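In the two complexes that follow, chain A is the common piece, with chain B as its partner first and chain C second.
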Partner chain A sequence: MIRYLSSRLFVFIIAFFLLTVFTFSLNFFFPGDPVTNMTGVRTFSDYYPVISEIRGADKNIAFQYINYMQNLLSGNWGASLSSGDYVFEHTYQHLFASLELIVGALVLAVLIGVPSGIFAATQFRGPIDKGVISLAMAGYSIPVFWLAQLLILFFAVKLDWLPITGQINPLYGIAPQSGSILIDIVISDSDYKAAALQDALNHLILPVIILSIMPMMLLLRLMRNATQDMLQKPYVKAARARGLNEFQVLIKHAVPNATQSVLQQVPLIFSLLLSNSIVIESIFNWPGIGNWLVRAIFERDFPVIQACVLIIALTILLFNLVVDLYRGWRFPIVRQE
Partner chain B sequence: MTKAFSLLISATTILLSGCEPGTEEVTPLSEGIIYCSEGNPDTFNPQLVTSGTTVDATAAQLYDRLIDYDAEKQAFVPALAESWEPLDNGTRYRFYLREGVEFHSTDYFTPTREFNAEDVRFSFNRWLDETSLYHNVGGSYPFFSATGLDKLIQKVVKVDEMTVDIVLNNADSSFLANLATDFAIVLSAEYAQLLSVKDMPYLIDQKPIGTGPYRFESFRKDVLIRYTKHPDYWREGPGIKQLVYSITPNANKRMLKLVTGECDIIPYPLISELQALNRDDIMVTNEVSPNVSFWAFNTKKPPFDDPLVRQALSHAINRQAIIDTIYYGNAELARSILPPTSWAYDNQGIQYDYNPEKARKLLEEAGNSELSINIWAMPVQRVYNPNARRMAELMQSDLAQVGVNARIVSYEWNTFRRRLSRGEHDTVLIGWYADNADPDNFFRPLLSCAAVATGGNRANWCHPGFDQLLYEAIATTNANERKALYQSAQHILNQQLPLLPIAHSRRYQAQKKSVRGVQLPPYGGINFRLATKVTTAEESEQ
Partner chain C sequence: MPHINLYYKDENPSPLTLVWRRFNQRLLSMTALYILLAMILVVIFSPILAPYSTSMQFADAVSLPPSWTEQGNIQFLMGTDDLGRDMLSRLLIGSIYSLGLPILMVAVSSIIGMVVGAVLGIDRTIKYQTFSRVFDTLLSIPSFLMALIIIAILGTGLFNVALAITLSLIPQFIFVTRNAVHQEWHKDYVTASRLNGCSKPYLLYRVILPNITPILVMQLTVSLSVAIMDIAALSFLGLGIQSPTPEWGSMLARSLDEVYLSPWSMVLPGVTLFVTIMSINIVGDSLRRALSERVNS
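This part shows the complex of A and B:
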């Protein structure tokens, strides 16, 4: 386990190093002054000579990189070129707002996708299985932006049930602290917490559902195939021969082993979620990382672009690491591969 | 498995329980109004801008002026000044200030005194006096330099605590009108002093303090501005506790949000989609507003320095088609730069009707039968021009018919204006929205020689005779004389044609019927001073 752990950590660190080299070099690839791109301090500012000196703009590239890393690790990510706010302080707020959507969508996808996949496997090649699989194919192929428009039209415009932008009705006056609206409501001193929570949940429904459709369908198919594979294995036959009923065979023997191979795909699903969240956040004006990144690109706000790229990549790396470690701990076979 | 299913079921019930439309509105919702504005304000001080978005967001909400203009009565009415009188043949105006006016008390500033003459002097000197401490904070004052107010006012003198004299260099009949605009606001001198002691003077425009009906609470770029009611406002204030500007640049999304109830009021709905707002709880209003969209020729660049070329190009454009296609008929073909509602309006000049034959002939006469030009089309939607790019496309095909090859150019809005001021364009599609009722507001900020220097003169056109007429017109208070002078000025414009007026449009706005008292004065930005929200119960009683 220790060897596995250290090898995984090693891979993570290498990836992180390459990532920072990439974001560092972005400063030079972007048009304009590298120091400005790094810090958000413009060349005509009074502070520019000092900042430039500290960042070692005239020293060699290795010194600049080490300096960049020091600043990066101490949370000094510069200031936004368009608003002048410190990027780091806003990064985690945006990140938490995004994670609220992504975690919600992931949970929903697992809760619906996995059981339906197992169910479809038990009906292998039956009419129900075929129906579920065709539905999954359709759900997987619908582009998210189109699905979003469709559901907005139906649930928001036609039925007038759900709101379509932001995290909450701004009149509740919930100040952003963590960035995650549900947490912010709970820690706020609002007199209308219950109503605010309900309003926030209403705002969450559409984006979470739309975001979860694609991973849900993917999970469904993976789970169905994996479970079906397991059901063909001799040890399942043996279990049946021992007189276990179908349900016990499924839950005790087939599903746990099927999970192993599905789990391997989960990081992929997570990156899919993150990239789809950029589209969803733009459509629903969700103040998350994706929305922030898109706006920063339009405004050529390089410190923010960099922070977004870094944080998105880092989140994916970390998630990968966690899933790898979990698999290694849970399924010994993974450690031996 | 069963666990997973029960979890799933409980999760769905939680989610769905939030689904039912609320029958009763929670208090913060019934005591607040959401205005979905079309963009971020550049600053919280309208002295520094001419942008309509910033004015809508700040002027009438946060601040008061010495005097206001009542468009219905067509008269100036007292505001922070209780009364005023012209002295010394109209070269000195004395203002008697109102007692008991409180500045905003917020978590970043607590005023220790009420409004007095010091505040007026500070606010005016900020843009007037280049040596004043705050003059360079924030930079330029485009409205005041374009209208020449900074040249007109010699000094602001404090007579006593509650009396101020404004001394002019010469008599000017547009003075009071300019004073009643959204730009001539009053700031707190005490707050300014506090900030300069703290060495953070720039905060005066970011965390504003005024005397207006609302006070500043918070601003998140691209998300919202939050104002709360000023509890000690000196005159009748709003019936709501909170005013939120939800920043929504996309016009489609603004309309959607109005339908789903996430906005109470929206500016500039898409005119082509107005029938989508045909619902019981929504009301669409439009005001004839004093604006004009025009096609300005950069007269510093050949061949546009030749009036014949400008006339030829004007004959090539089918303006009626533009009005039908771009404005959906909700605009009037412009015969002059002044809208027909102005008292100085004149339409006696030559009419540049759509006539490709004549255009080609005139171009040949000018020796420019093969012409290649660019048209700069602004990237944003404005009340005077809902879709400049589409308009440019129509003009492109019109021009192609007379052998002129046009290329459409567009940049992000701030870049666009900056490059325009540098005169990089051949021709540009832009417009003007009047700040006050005086016809002068259509001429000097747009076409005077002084406006060439400030970048407001998009045609870079400087005509001494024309300028002379403008200065004569503001030097007299005799309405008939002024009218005659402005008509001669319009004649010169009509012949010289530094710009081709295209349309005078209407400003559209859509709102929930439950919102009352929001004013859209013809001159200036939206005003929420008397805004209230009626609940559904109250509504049915009425």
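This part shows the complex of A and C:
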């Protein structure tokens, strides 16, 4: 396990290093001055010569990279070119707002996708299985922004059950602190906490459901195929021969092994979820990382673009690491590769 | 006279033919394939098929519903949008940007990616283990994010978007090709050919390639659906192909303002996009199934 752990950590560190090299080189690819792109200090500012001296703009590239890394690790991510705010201070608020959606969608996808996948596997090639699988195929072929439009039109406009955009009705006056609206409400000193919480949940429902559809359907298909594969293995036959009932065979023997192969695909699903969240946040005007990134691209706000790219990619790398470590810990066969 | 086999002939179909035979047996996958082929024909002949110009505005037919409704007019089969432009013409011409362009992008990126992947696959000098793991990890960064970064550098517009998505698709092809070549390399038939003294290019094109073609074709369908989705999503966000061009994603974005008044302007481009992606996914999925059945048998 220690060998496995260290090898995975090593891979993570190398990937992180390559990622920072990439974001560092983005400063030179973006139009304009590299130091401005890094720090958000414009060339005509009085402060520019000082900053340029500190960042070593005239020194060699290795020195500049080391300097960049020092600033990156100490949380000095520069200032936004459009608003002048310090980027780092705002990054975690946007990140938490995004995570609220993403975690919600992921939990929903796992809670519904995995059991129905297992259920479909027990009905293999039956009418229910075929129905579920066709539904899943449709579910992950549907363009996520079109699905969002349809559901908004139906639930928010026609039926008027749910609000259309935003995190919460601004009249509740909840000040953003952590960025995640549910946490903010709990730690705020508002008199109407229960009502605010309900309003926030109403705002959450639609984006979370839309975001969860695609990963849910992918998980369903993967789980169904993997469980079906396992149910044909001799060891399942042996378990049945020992007199276990169908449910015990499924839960104790087939499903744990099926999970192993499904887990391998989970990082892929997660990165799909993240790229969908960029679109969904823009549609629902959710103050998350994806929405921030799209706005920054419109405004050509390079320090912010960089921060968003770094954070999104880092989230994915960390998620990969966690899934990998869990697989290694839970399934010894993975460690022996 | 019916065809008679006079001589005993050992039939030895290529892996692609074998997969095709299994693919052919399923009604659903064949339907999807025919829909896809019809779509491609539409892309090619859309300038002839489209009844009007995409920018021609009919002042007396603004926001006209499709012809199968009460207020519809058969002159405008699928109605008109809020500026009085014919929906059918816009959908037909839009297929060039939403389906034709992705096909082109996938073709370019697959050629580059497969060549690089094949070279990496037969080159045994680099230490593999760590390299492939790191590459694996970096690949999980979504292509949509990569396309966004490239657009941030280059700016929006038709050409830049096409370039961005093409570049963001290449790593996937490199990875799949390299892995496929890598897996075949240690099989007996490759070893036998190597002992026969085949050169590396011969080994790659005549020995290994026929056996990995189905995997590559599957990857093509996956990339195509990703490319269509990405270009539509970027245009929807306003970062891709810009508004007067009738791209399906930008048509959807435009319909946001008027969806309460003219729902068809949202439903029609959405349905075409959905059907296109769905048929590509079904084809890809059936290929995967046919492939695994061939390996198992």
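FYI, the second predicted complex is superposed on the first by the 337 of 337 C-alpha atoms of A that agree within 3 Å, B and C clash if a C-alpha of one lies under 4 Å from a C-alpha of the other, contacts with A are read in each partner's own complex, and residues count from 1 in each chain.
The criterion applied here is as follows: a residue touches a chain if its C-beta (ideal position, glycine included) is under 8 Å from a C-beta of that chain, and two chains touch if they have at least 3 such contacts.
The model shown is predicted, which means the values in this text are computed figures rather than measured ones.
In the superposed model, A:V309 lies in contact with chain C only, and not with chain B. In the superposition on chain A, A:L171 makes contact with chain B only, while chain C stays out of contact range.
Judged by the touch definition given at the top, the superposed model places A:L317 against chain C, while chain B stays out of reach.
Judged by the touch definition given at the top, the superposed model places A:V157 against both chain B and chain C. By the touch criterion stated above, A:I14 is placed in contact with chain C alone, chain B being left untouched. Of the two partner chains placed by superposition, only chain B is touched by A:R295; chain C is not. Of the two partner chains, chain C is the only one that A:I278 touches; chain B does not reach it.
Judged by the document's definition of touching, chain A residues 157, 298 lie at the interface with chain B and also at the interface with chain C.
For chain A in complex with chain B, the residues that touch the partner chain are 82-83, 85, 107-108, 111-112, 114-115, 118, 152, 156-157, 160-166, 169-173, 175-176, 192, 195, 198-199, 201-202, 205, 247, 251, 285, 287, 295, 298.
Listed in rising order, the residues of chain B touching chain A in the complex are 1, 4-5, 7-8, 11, 14-15, 17-21, 26-29, 31-32, 34, 218, 220-224, 226, 242, 244, 246, 248, 253, 256-257, 259-262, 412. The touching residues of chain A, counted against chain C in their complex, run 7, 10-12, 14-15, 18-19, 26, 29-31, 137-138, 140-146, 149-150, 153, 157, 267-268, 270-272, 274-275, 278-279, 282, 293-294, 296-298, 300, 302, 305, 309, 312-313, 316-317, 320.
Of all the residues in chain C, the ones that touch chain A in their complex are 130, 133-134, 137-138, 140-145, 148-149, 151-153, 225, 229, 232-233, 236-239, 249, 252, 255-256, 259-260, 263, 266, 270, 273-274, 277-278, 281-282, 285.
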